[in-house]
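Mind looking over this structure? Questions follow.
Naming follows writing order (A, B, C, D and E), and every chain is counted from residue 1.
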Amino acid sequence: MPDAILELRDVRSGYGEGIVLDGVSASVPKAGSLAVLGRNGVGKTTLLLTIMGFVPLRAGAVFFAGEDVSAMHPHQRARRGIGWVPQERDIFPSLTVEENLTVAARKGRWDLDAVYSLFPRLRERRTNMGNQLSGGEQQMLTIARTLMTNPSVLLLDEPLEGLAPIIIEELTAAITRMAKDEGIALVLVEQHATVALGLTEDAIVIERGVVAHRGRSADLLKDEKTLDRYIGMNLEPG
Amino acid sequence: QETVKIGLIMAYSGPFADTANQMQAGIDLWLAEHDGMVGGKKVELIKKDTGGPAADVAQRLAQELVVRDGVDIIAGFTLTPEALGAADIATQGNKMMVVMNAATSVITEKSPLIVRTSLTIPQLNYAFGKWAVEKGGVNSAYTLVADYGPGHDAEKAFAKGFTEAGGSIVGADASPVANPDFSAFVQRIKDANPQSVYIFIPGGAQPPAIGKALSDRGLTPPDVKVFGQGELTLPEALESMGDTAKGIITTFHYTMERDDPLNNEFVKAYRDANNGRSPDIFSVGGFDGMHLIDEALKKTGGDTDGAKLVEAAKGMAWDSPRGPISIDPETREIVQTVWIREVQEVDGKYQNVIIDQIPNVKDPLHGAAK
Amino acid sequence: MSVFEIVFWLSMLLPFFFFPTYLTLASQVAITALFAISVDLILGYAGIVTLGHAMFFGLGAYVAGLLSARLGWGEPISGLFIAGAFAGLVGFVASYLIVRVQHMALLMVTLGLGFLTYELANAMTWLTGGTDGLSGVNTWPIFNHFRFDLWGYTAYSYSLVVLLLGFLISRRIVNSSFGLALRGIRENVRRMPAIGSEHRWHLQKVYTISAAMAGVAGALLTQSTNTVALEVLSFQRSADVVVMLILGGTGRLYGAILGSIIFLLVRDQAAGLNPQYWYFWIGLLLMIVVLFLPKGILGGLSRLVRRNG
Amino acid sequence: MISSVAIVLFDGLAFGMLLFVLSVGLSVTLGLMNFINLAHGAFAMLGGYTAVWLMRQFGLPFLLTLPLAFLAAAAVSILFERTLFRRLYGAGELNQVLFTIGLVFVAAAGATFVFGTGQQPIVLPDWLRGSVELFGLRFGIYRMFLIVVALAITGLLYFTLERTRFGAQIRAAVDNQRVAQGLGLNVERIFAITFALGSGLAGLGGALAIEIVGLDPSFGFHFLVYVLIVVAVGGLGSVTGSFVGAALLGIGDVAGKYFVPEIGSFLIYLLLVAILLVRPMGLFGKR
Amino acid sequence: MSEPGQIALQTEGIGKRFGSLVVSKDVSIKLPRGARHALIGPNGAGKTTLINLITGQLRPDTGRILLDGKDVTGLATAARVRRGLTRTFQINTLFPDLTPLEATMLAITEREGTSGQFWRGLASHASAVEEAYEILVQLRLGDVATRTTRTLAYGQQRLLEIGLALATRPKVLLLDEPAAGVPKAESGELFQVIAALPDDISVLFIEHDMDIVFNFATRIVVLVAGEVLLEAEPDVIRTDSRVREVYLGHGHHA
C-alpha cells in the first residue's frame, strides 16, 4: 500500500521476555483512520508504544510515510510527524499549562490559539501548574499538547476518559474535522467501541497478540456478534 | 636481622591529611638518612589512618597495633584527641608513645610513657606574649583565634604573657574552625582600634584568607602590628598573600629559612626527596621523633620495654634542624628555642626572617590543670 | 528465625575464635551496625531521610561519658539506659520539627540540627572538653565482674549482645501494625489521612525510638573505648552511617548490619594497605554497588537467592 | 559605625556571591533534573585545579583560566553523564547519593595523587588584588569582581532557564522522560547539556573560590554543606532563589559574626533550620 | 427523607477560591442516610475540589460541613475519617509496594486504634486480617490479596481504592470517578458492588458516564463553575435544557 502514512508489518514486540504482540500487520492510509479494539490488556497500548519505539521491536517493521522508522529513537519518530497521546494523564506537573503546550510545539496549523479554541477551559487555566488541573482538564491538555506538535498521524490512547459528555462531543467533532480538512491520519484506541467505530473508517480487533478481525468500522459497528465475541462488551443502548 | 616495629597513628586522610603527609615525609627522610635502622635494628613502619580527629578510632588502632601487630613503639599523632585516645593503651601495653605533633599541654600527663618531640602551644605563645610587650613595642592587643582547643590554649597563653608584661588585651574573638571568611572578625578588630592583633589559626586555606582580610582593612604593619603563631605565615600562605604579608611577626619553633648548616642540609635533603616541597614543623616533629627513638633504643641496648625507653629518653638533648632541643626529664616534654620571625622581602620573595630568639623554653602551663 | 539468620548470628561469633586480634574492630562494627539499624528504622521504613543522626549518637556518647567523668557513675548498663532515654527525649522534641518537612528540607533540617548540636558541644568546652575530647571517662566492669580488657573480649561481647537486642526490638517494631503504618507512610503519605491515620504521630514515635537507639549505640562507644570526642557528633558520622545503610540495603535491618560490616572492613583493610588512598577503594566500591546492585548488597544477594531458589 | 555596617554588608554580599557561583550549578542539576549530585563539589575542585594548573604550567592569565575551568568541568561531566550518571536518573535518590559520594571519594584520591595534599595558592593579577577606597571605605577589588561575575551569571541563567523554552524542556524531560521523548524532545541531549551546564558552573565557581577559600583535595567535601544549604534555602531549581539565598546566607553569616560573634558558628545553621521550617520549599522553591 | 436526623452529610454555603478562580461558591447539599447520589458537572467544575473540601484535604474559605449534624469543618482529614467520612481518589492513590491485604489491614488497624502498637506482631491482629480479607473478597480481590499492588491490573486497583475506603467503616462514602479507566463491561459490575453496600452507608459519587449515572443514582447534583446548578431526580436532569447545554450536549438522548 504505497500511499499508507503508517504501516506495521508483522510486528512482534513485548516486555522483557514476554511477547505481547506477535505478528501484527496494519496500515493507515493518508488521512485515513483506524480503530484498535480489544479486551483489556490485550496490548492496544503496547501497539502504540511499539509504533513510537518505546517497546522494542522483536521482528517486523514500522513504516512511516514510506520510510522504515524501526531503528529510530522515539523522539526522531515524533519529529517525523507521529503524534502520540498517552493513555495515562501524563502532563508535566512542574510546567504551567501554557508551557506544557509550547514545550514541544512545532510550527503548523495547531498553535496556542487553535488549541485554546478547541478547549477554552485550558485558556482559562493557562498559568496554572499542570498538576493543579482537574482530571478532565489534564486529559484535554494531553491531547492539546500533542496537537501542538502538528503531527501528520495522531495516535490516541483512550482519549475520552474522564471527559464530560459535551466535551467528548466537541472533541470527536474536532477529530473528524482534522481528518477531513487537514488530512491528519488517526489511530484510535478506545473502550467506548461505538464511539471509536463511529469515528474511524477501518478497524482491527486484537486478540492473543494477533489481529483477530479486520474490516470497515461501519460494518463492524453493525456486527454485534463479532463485537461481543472479541470485546465482550454489551453495547450500550445507542 | 632483628627488627623494631613502630606503629604510626596519624590522620593520613581527611582534612588533616597534609599534616600527616609532612610528618611522614620527615620520618621517611630520617630513615633514609639512617639506612632504615634505629638502634641498630631494621625499622618496620606500620601506618594507621584515623581519617581525621577520631579518638575512638585512634584508640582502636593503638590497641590493634599492640595486640595484633605486636609493635614495640607507637608514634605519630597528628591531633590531640587521637593522642588522648591512645594514651591508655600505651600504659596498658607498656609501650613508649612518641607524640610527634599533637600540641595540647595535657597530653603528656595522660600516660607516663608519653614523650613529645613537637611543641606545646603555650610554650610558643606565653613567651611570645611577653616579647610582644617587651620588645615588640605595643601594649594593647586584640586576639582572634580559631574556636577549638588549640586556639583557646594559644589565646590564654599569649594573653597571660602579654598582660604579665604590662600589656592589655582590648578584645578577644574566636572564629569557627572551618571559617571561610574573616571579614566580620577583622572589622570588629578595626572597630576596636588596637595597637596590635594576635592571631592563631590552623594552617591550610585560612592563613592567606585572614592575611588578605587584614590588609583589605588596612590593618597592616607598621600601623597595626600583626602577631601570630607560625601557621599564619607558612610558605604557601606567603605566596598567596604577596606583599600583604609584609611585617607580620610570628612565633615558631622551626624556621625553614634559618641559616644553619644542619638545617640547610635538612632542607635540601627534604626538598630532594619530596619534589621540591619544603619541610615544616610537622616534618621536623617526625624527624626528631625518629632521632629520639633511635637514641633511646641505643641507650637501652635494643630493649623495647616502654618504661625503659622512656627512662632513656628523659633528659636527652641533641641538635635538631630547628636548633638545640632536649627532653625535660620531669615532664617528658620537649624543651626548645622559640624563634621570633618577621615576614620580610628577601631576593624579591617574602619569607620569615628570624629577628629574635628565646632559648630553652619549657611548657609554662605544664602540670597546672587547664 | 530462618537458617540464614541463625548462620548469620553464629558467624558474628567467629571473631572470638578465629580473629581475636580484630575484636576491637568487631565491636566498633557492632556499635556502628546498631547505629545503622536506628537509621534504617526511620529511613528504610518510614522514609525519613537524615543527615544529622550523629546528633543522637553523640548525645548518647556524651551522656554516658559525662555520667562517668563528671558524676562518677561508671556502671555501664544503667548508663546505656540513661543515655538512650536522654537521646530519645531530645529526639522526641526534635521530632516536632522533623515531621513538618519533607525531602530536601528534611535532609537539610536534620543536617542543621546536627551541626547545631556539634557547635553547641564545642561551645560548652567546660562540660564536654571541646575538641580535645572529654577526659576522665572510666567505665566500671559489667555486672561488676567483666572488665573491659585490652583485647576487647568484653567490649565485643557486650556490644554484640546489645546489637542483638536492638535488632530484635527493631524487628518486632517493623513487623508490627505500627511497622505497617510506617511502610504506608513511606509508600504514600497522601493516602494516610484518608484512611484515618494520624501519620505525623507515627513518625514522631519512630523518630523517638530511633533517636534512643542511636543514643544507646553512642553510649556503647563511650563505654567500650572510655573516650568521647566531638567527632561523635560530626556530620561525617551522620553521612557515613547513611552511606553504610544504603550500601547494605535499606528497609531490611540486615542491610544495616551488613553495610556496616562491609564498609568498616573494607575501610580497615584498604587503609591497612594504603593509609593515604584507602578512600579511593571505598569510593569505587560505592559506585560499583550502585551500578550493579541498585538495591544495596543485601538487595542484590536476596535477588540472587530468589533466582536460584 | 555606619561605615562598618556598610563594609560588613559588602563583604557578606561578596561571600554570598562566592557561595552562589559554587552552588547555582547544583541548583540546576538538582532542581531541574532531580539528580542529587553530591559530586558537585568535586567538579568545582576540578575547575579549581584546572585553573591552578593552567596558570602554573602555561602561565595563562587568571581571567582566561576561568572559562577554561568551566569547559573542563563541563567536558568531564559530559563524559560521566554519558557513561554513568544517565543510568542513575531513574535509580532513586539514595542510589544517586551513594554513587556521587563514591565519586567524591575517588576524586579526592585522584587530586591527592596528582597534586598532593597541600594547599594550592594562586597569585592573582595585580589589578584584582588589594582594595580601593570609595566614600572613605575600602572595598576589596576581588570581592567586587565576584559580585559582578555573579550578577552576570544570574542574568544569563535566568534568561536561558526561566525565560526560554529550553528551561521548560529540561523540566518536562525530568517530569516524564518518556512523554517528553514521545513529543519529539531529544531528552538525552537535553540532559547532557543541562548536566554540563551545572558542572561547568561548579568548575567556574571552584576557580573563583581559590582566592578566598583555598584549594586542596578535601574541597569537594568541604563546600558540599554550604552548597546544599544555599540550594535548599534558595529553593530547588530557581536561579533567583539561589542568588537570594546565597546573598542572604553570606550577609547573615558575616553580619552575624560581626554583631554577635558568640553565636557566629551557629548562625548559618539556625538560619537554615528556621527558614526551612517556615518555607520548606525554600525561599523561591516551587516544588 | 428530609427529616433532619436522617441527613448523614450536609454542607452549608461552602466557598473556596484559588487566587482569582472561584472553585466553590455557596455550595449547600444534603446527603440523606443510605443515599446513592451522583455529582456531575463539566470538567473543572469543582467536583473533586468539593470532595477535597468535605474531607478536609482543603479548607473552605466560607461555610460549614456537618456530619450527622455535627460541625466537622475544623477537623483534620484523619479525624473526619475516624468519624465515618471517607473518600476515594480520582487518580489512584494507593500503596504501590504493599499488598492489598496489608493496605486494607493498615486501614483497619488505624480505625481500631491499634496501628501504634509496635510491640505486637502483625499476625496477632487476627480479627483485622480476617476482616481485611473479607472486604477484598467482597470486591473480588481475594485472589490477588497478597500480590503487591503495583502489579495489579488497573481495574483491580480501582477496586482496591474502594476497599481501603470500606475498611474505615464509613458512614458517608465519597467516590471520585471510581470507574475511570475501567472498561465498560467491568464498570457496571463495580457499580453493582457499590449499590449493594449496606443501607446505612450514604454514597455520593462523581461520574462522567451517563449510563452509569442514570442507572445507579437516585438523585443527581449538577455542579457548574463551582455552583450547584440543579439538584434533582435523574429524569429531571436528563431533560433539563441547561444541563444539556453545559454538560450533556446533544448526543445523549433519553
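As a working rule, contacts are C-beta pairs under 8 Å (C-beta built on N, C-alpha and C of every residue); 3 or more make two chains touch, one makes a residue touch a chain.
Predicted, not measured: the structure shown is a model, and the values here were computed from it.
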| item | value |
| --- | --- |
| Set of chains whose contacts include both chain C and chain B | D |
| Chain-contact steps, minimal, separating chain B from chain A | 2 |
| Farthest chain relative to chain A (centres taken as mean CA coordinates) | B |
| Most distant chain from chain D by Cα centroid | E |
| Chain B and chain E, separation of their C-alpha mean positions in angstrom | 74 |
| Computed distance of Cα centres, chain E from chain D, in Å | 48 |
| Cα-centroid distance, chain B relative to chain D, in whole angstrom | 35 |
| Chain centre separation in whole Å, for chain E relative to chain A (CA means) | 31 |
| Residues within chain B bordering two or more other chains | 17, 21, 147, 176 |
| Touching two or more other chains - residue numbers and ranges from chain C | 119, 122-123, 276-277, 279 |
| Chains that touch, pairwise | A-D, A-E, B-C, B-D, C-D, C-E |
| Chain A - residues contacting chain D, complex | 52, 54, 73-75, 78-79, 84, 86, 90, 92-95, 99-100, 102-104, 106, 129, 145-146, 149 |
| Touch list for chain E against partner chain C, complex | 55-57, 76-78, 81-82, 86-87, 89, 93-98, 102-103, 105-107, 109-111, 114-122, 125, 128, 164-165, 167-168 |
| List of chain C residues in touch with chain E within their complex | 172-173, 175-181, 183-184, 187-188, 190-199, 201-202, 205, 209 |
| Touching residues (chain side chain D, partner chain A) in the complex | 165, 168-169, 171-172, 174-176, 178-187, 286-287 |
| Complex interface listing, chain C residues touching chain B | 20-22, 24-25, 28, 119, 122-123, 125, 130-133, 135, 150-152, 221, 225-232, 236, 271-272, 275-279 |
